[in-house]
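We call the chains A, B, C, D, E and F, going by the order they appear; numbering starts again at 1 in every chain.
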Amino acid sequence: MATVPLIEYEDASTEVRAVYDDIRNVRQTDFINNFWKGLANNPEQLRQTWEQVKAVMAPGTIDAMTKEMIYVAVSVANACEYCIHSHSAAARAKGMSEEQFGELLAVIGLAHHTNGLVGTLQLEVDEAFRV
Amino acid sequence: MATVPLIEYEDASTEVRAVYDDIRNVRQTDFINNFWKGLANNPEQLRQTWEQVKAVMAPGTIDAMTKEMIYVAVSVANACEYCIHSHSAAARAKGMSEEQFGELLAVIGLAHHTNGLVGTLQLEVDEAFRV
Amino acid sequence: MATVPLIEYEDASTEVRAVYDDIRNVRQTDFINNFWKGLANNPEQLRQTWEQVKAVMAPGTIDAMTKEMIYVAVSVANACEYCIHSHSAAARAKGMSEEQFGELLAVIGLAHHTNGLVGTLQLEVDEAFRV
Amino acid sequence: MATVPLIEYEDASTEVRAVYDDIRNVRQTDFINNFWKGLANNPEQLRQTWEQVKAVMAPGTIDAMTKEMIYVAVSVANACEYCIHSHSAAARAKGMSEEQFGELLAVIGLAHHTNGLVGTLQLEVDEAFRV
Amino acid sequence: MATVPLIEYEDASTEVRAVYDDIRNVRQTDFINNFWKGLANNPEQLRQTWEQVKAVMAPGTIDAMTKEMIYVAVSVANACEYCIHSHSAAARAKGMSEEQFGELLAVIGLAHHTNGLVGTLQLEVDEAFRV
Amino acid sequence: MATVPLIEYEDASTEVRAVYDDIRNVRQTDFINNFWKGLANNPEQLRQTWEQVKAVMAPGTIDAMTKEMIYVAVSVANACEYCIHSHSAAARAKGMSEEQFGELLAVIGLAHHTNGLVGTLQLEVDEAFRV
């Protein structure tokens, strides 16, 4: 259950509809997921967040699918259930194969493993890693 | 300061030296970083962890550099300072450009941002994300 | 599903009922939420936790509503779903407007964002911040 | 040690200097802290992050000092050392007394405490908390 | 809802069935929990994870029940709902009494509490703790 | 660097000295670690925290050394450097052998590993785990 009401397109202000329309256009789908419907309680925050997502997640020197996989990795470590589902779906929509998801799973698991080991060992950072 | 002593090559048992030698061989460098020197207090755990890292981090359907970037992302979310440094260095050694690091930074920042928003909003997972 | 049974008032010991009665009296409501019903499996822990919550969350140099908002912020970062809901409800009960919740949301989101950026950048603390 | 070089004013591009100048002007100080010097490796990200911080952290229906205290709370939960120092300093600069810091400390401690209890108990969210 | 399909025994490959059979044999039960059914999408990862769990969680200088309690503690801090339930159940199956669970709860709560206090206070590690 | 001044015995109020004296008496050492010196800025919080630590960490149905190991496990997951050092030292002082520390390390590492896997897989809790 959400801590705020979700704003559907039909109940939305002109400002919110403009963002929803842009999401639909960029993603080439009519589907607006709950994240945007929750943010829409504050139209300015909705707009800014969408602009940021659109800019950061666009393909650059890192491709769009890889960016979604990195997003999944962060979301797992932060235990954000919604984010894990939405960005796993996005990664798949952008071409992630099940084999790649399996490797992503293995890397995330291993990174957590060694994060736990290093935390327990409290190792000093090697000089060789200095930039 | 570490919670265990670090085992240098010259003080290491044959079993530990065998792992150190394999690390040097696979990575084509003489450098052994503190992570392995800390794990070496338990030679069997050292060996198994190295075998796992070697297998999981090898190029597969996800390339080795991307795996290191995913590792950095998990390590940031888990606040593992050592891991952030060692895997940033590894990603750079495997070809990550400064422009790519900048995009990785932006994706990690944004993912944390929306993780925080979604956590506060407590959104239900959309049915459309169901596998 | 809880990992312990929940203790209802009618099934509770005298010691537990005394705490429940005090909660009802302080909060001016008959409602006892699941947190207390779960803790009631250990009456002493129930009593001490309630005493602590009562003391710490009372208005002081920080007002009670602000304390609830800070509680929400911590709970989001720790991904504690129950806590986010209970303390958002408490903040609203103590006067938090929807506009304030919107600003709280924005601050929590931004703090996560820059926490992620700083973690990736591994910045040294400026001398100027030293107390 | 940072994972990127820090950009000083004298070495900065015109675009970066413009942000630094605005930070100095808004904060009424010559001091530029390391966060901005690290972000300056990507001038566009520097500019956007500053615009966001400036907008979100300005006084609104929540005052600026309270926003800084919320920031500290998130940063503690995310174990971001730099952020804890910079936002504690900011809260003090905006008027937080030592007594208020003591209460902030107590609320953060208690919130972590009950987050840990609730996580172990895995309590269902009460219907009464539903929005 | 899982991000991968769950593999039931009847639909499993020979390699997966061999692991399931070993789990059943070691645990002396027919029950295979969802963790293994999810991992079974990658038979090699299933096998390795099971071998690791079997080795690490076996009684050693720390008994098996205590290891499960430590597992619960980590899982609470990482907000892993599934893990909290499965390892609480495992601890109980290995003899954890309700009184012990109550003490585990108290230690986890207190540890979170002082983690939050220490994080806010940013205390230097005492020289006396150096190994 | 701490966010508050540390209060030494010679500069402490009578109320603070009484707690320091009790810590020294219970622990049979003159050493007061920084945690208490930081909390001493608020004598009442110092007293209550010490009373809680003394009560919760005393041997019960879980022995004192095991409680310290659980504390370490939570502190690693929460990335609390100070807490990891102080409670590792306490566990050793209460009899933890290096072999036990090695097993603790392995369990913490594995728990993080499967927390990461389960988070990525988003597994439903098995009915069989229901209390």
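Operating definition for what follows: a contact is a pair of C-beta atoms (placed from the backbone, for glycine too) under 8 Å apart; a residue touches a chain by one contact, two chains touch by 3 or more.
Model, not experiment: these values are computed from the prediction.
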Original post:
By label order, what chains touch chain B and chain D together?
Top reply: A, C, E, F
Subject >> Equivalent interface to A-E, taken from D-F, A-F or B-C so that over half of the residue contact pairs match >> reply: D-F
Subject >> Furthest chain, CA centroid comparison against chain E >> reply: D
Subject >> Whole-Å separation of chain centres (CA-atom averages), chain E against chain F >> reply: 21
Original post:
What are the residues of chain E that contact at least two other chains?
Top reply: 1-4, 49, 52, 74, 76-81, 84-85, 88, 104-106, 108-117, 119-122, 125
Original post:
Mapping chain-to-chain touches, which pattern fits: line, ring, star, complete or other?
Top reply: complete
Subject >> Touching residues on chain F, where the partner in the complex is chain C >> reply: 1-5, 48, 52, 125, 130-131
**OP:** Name, in rising order, each residue of chain D that touches chain C in their complex.
**Re:** 1-4, 31, 33-35, 38-39, 49, 52-53, 56-57, 60-62, 66-67, 69-71, 73-78, 80-83, 85-89, 97, 99-100, 103-104, 106-108, 110-115, 117-126, 128-129
Original post:
Which residues of chain F touch chain D in their complex?
Top reply: 1, 3-4, 41-42, 45, 49, 74, 78-80
**OP:** In the complex, go through chain D and note every residue touching chain F.
**Re:** 79, 84-85, 88, 98, 101-102, 105-106, 109, 116
Subject >> For the chain B and chain C complex, residues of the former touching the latter >> reply: 72, 76-77, 79, 81, 84-85, 104-105, 108-117, 119-122
